[in-house]
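I have placed the structure first, in the form of structure tokens, so that the comments after it can refer back to it.
When the chains are written out, they are named A, B, C and D in that same order, and each has its own residue count from 1.
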Amino acid sequence: MMTQLGARVWVVPGGRIPFGAASPEPEYTSFDQLCVLNATDAAADLTVDFYYEDSDPVGPYRLVVGARRIRHVRVNDLIDPEAVRLDRPYGCVLRSPVPVVVQFLRQDTRRPGMVALAGAMAYPAE
Amino acid sequence: MMTQLGARVWVVPGGRIPFGAASPEPEYTSFDQLCVLNATDAAADLTVDFYYEDSDPVGPYRLVVGARRIRHVRVNDLIDPEAVRLDRPYGCVLRSPVPVVVQFLRQDTRRPGMVALAGAMAYPAE
Amino acid sequence: MMTQLGARVWVVPGGRIPFGAASPEPEYTSFDQLCVLNATDAAADLTVDFYYEDSDPVGPYRLVVGARRIRHVRVNDLIDPEAVRLDRPYGCVLRSPVPVVVQFLRQDTRRPGMVALAGAMAYPAE
Amino acid sequence: MMTQLGARVWVVPGGRIPFGAASPEPEYTSFDQLCVLNATDAAADLTVDFYYEDSDPVGPYRLVVGARRIRHVRVNDLIDPEAVRLDRPYGCVLRSPVPVVVQFLRQDTRRPGMVALAGAMAYPAE
């Protein structure tokens, strides 16, 4: 299999973890998710920086994606250097030492008995 | 952090603010949203022009996104030079003096107890 | 305003008009939609060809988008040379003599009281 | 019609077939779907490799898309060399000997009476 697929910098401007879930957790938790595919033969040690409307960027968060592995990370679970607050608009920039591909997904379960989904490929900036 | 990410012109052809909301506002308002990330060290003074099916474009609307900030703007809230009418098909073109990244999101809450989401990265035209 | 934005060939592989609507029409009709923005100073006389799983492509369908106008067309409404059947998987290729930008949107209202949305920017092939 | 549209390698990082369906099958089955459009005059004999979080990639799966045809394949239906398990995060890489265009769609019907959709154009890597 080919080992170089994708880009080294990816951008998601439209993040906001929905606040609350009216269905059973954990499968119906509301979340924003970053999905990374690393087709290379080297582990990818990514950094993620979060941008906000009213304060300086926070980061870097670290995210390791093994060689020839994917990783789906809920933004809700990122806590170091600080948790990303629910219901707060954010954007993020992912940087990887090797080419990867990044997709964004939101699951919104704020209303009882309901699931809403939204997704987009992230923007490959470099 | 790197300061140049993205493009200077972005296009969203498929806008239409859903008319009505059958769940509590403001969190369940129906809206179209433009999400902009500006990773540069300079404030971005964007202009937005709206295109319609049956009349000339309207604009420019102004939208400032601070240095190293994001901004999520509901199209519902754009009122100068004129409000974008609900339920009217539109497209828009965003122009920025510095590179930015733009994502589009729709929240549709017209039906009681329900949320529908749709999103897409805007198209980077230049 | 700038007059050249976008590409001349756009592709949507994943079409399928949902069959049926369990909510009041016309606002809750199930549909697939093609949204075109033409920022140029010339009317765009587009052609659209539909591809299927089990038969030869059908087309061209014609679609005019005025100068500096958008147009949102429900695939349900395309009937010449033949109607696109509901619930039949299709893909389509749009070709324009001038650069345009194309977005795809699906509204699925098959279940009572519910709206589901899915969208994506079309793929700019040329 | 033109015969070369698209790219030869496409990537979807964010796969996960929703587990369970609370509405009548088969039209309301939960699924992930890969939609391929082949506008060329030659049949496309694609290979698909699946990447996981915790094990080596599995593949190649084969997927034939006829000349000037589309094909919408539910990931649920891919069983050779092995079935893609429900509710397991995956990513996939599609490779084609001729240019094609690939779109990703998810239908989530886990909750009674409900449909959620999410879609994105796949990422064209080469």
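Note that in this section a residue touches a chain if its C-beta (ideal position, glycine included) is under 8 Å from a C-beta of that chain, and two chains touch if they have at least 3 such contacts.
Chain by chain, the UniProt names read as follows: A, B, C, D = Sensory rhodopsin transducer.
Since this is a predicted model, take the numbers as computed values, not measurements.
Interface note: chain B (Sensory rhodopsin transducer) and chain C (Sensory rhodopsin transducer), two copies of one sequence, contact each other through mostly non-matching residue numbers (shared numbers fall below half of all numbers used). The best fit of Cα atoms from chain A (Sensory rhodopsin transducer) onto chain B (Sensory rhodopsin transducer) calls for a rotation angle of 90°, in steps of 5.
Look at where the CA atoms of chain C (Sensory rhodopsin transducer) average out and do the same for chain D (Sensory rhodopsin transducer): the two points lie 21 Å apart. Per-chain CA centroids place chain B (Sensory rhodopsin transducer) at a distance of 30 Å from chain D (Sensory rhodopsin transducer).
The residues of chain B (Sensory rhodopsin transducer) that reach two or more other chains are 113-114, 116-121, listed in rising order. Contact residues of chain A (Sensory rhodopsin transducer) toward chain B (Sensory rhodopsin transducer) in the complex are 9, 11-14, 16, 19, 49, 51-54, 56-57, 89-91, 93, 95, 106, 108, 110-114, 116-123, 125-126. Residues 1-2, 5-6, 23, 27-28, 33, 35-37, 39, 68-72, 100-105, 113-121, 124 of chain D (Sensory rhodopsin transducer) touch chain C (Sensory rhodopsin transducer) in their complex.
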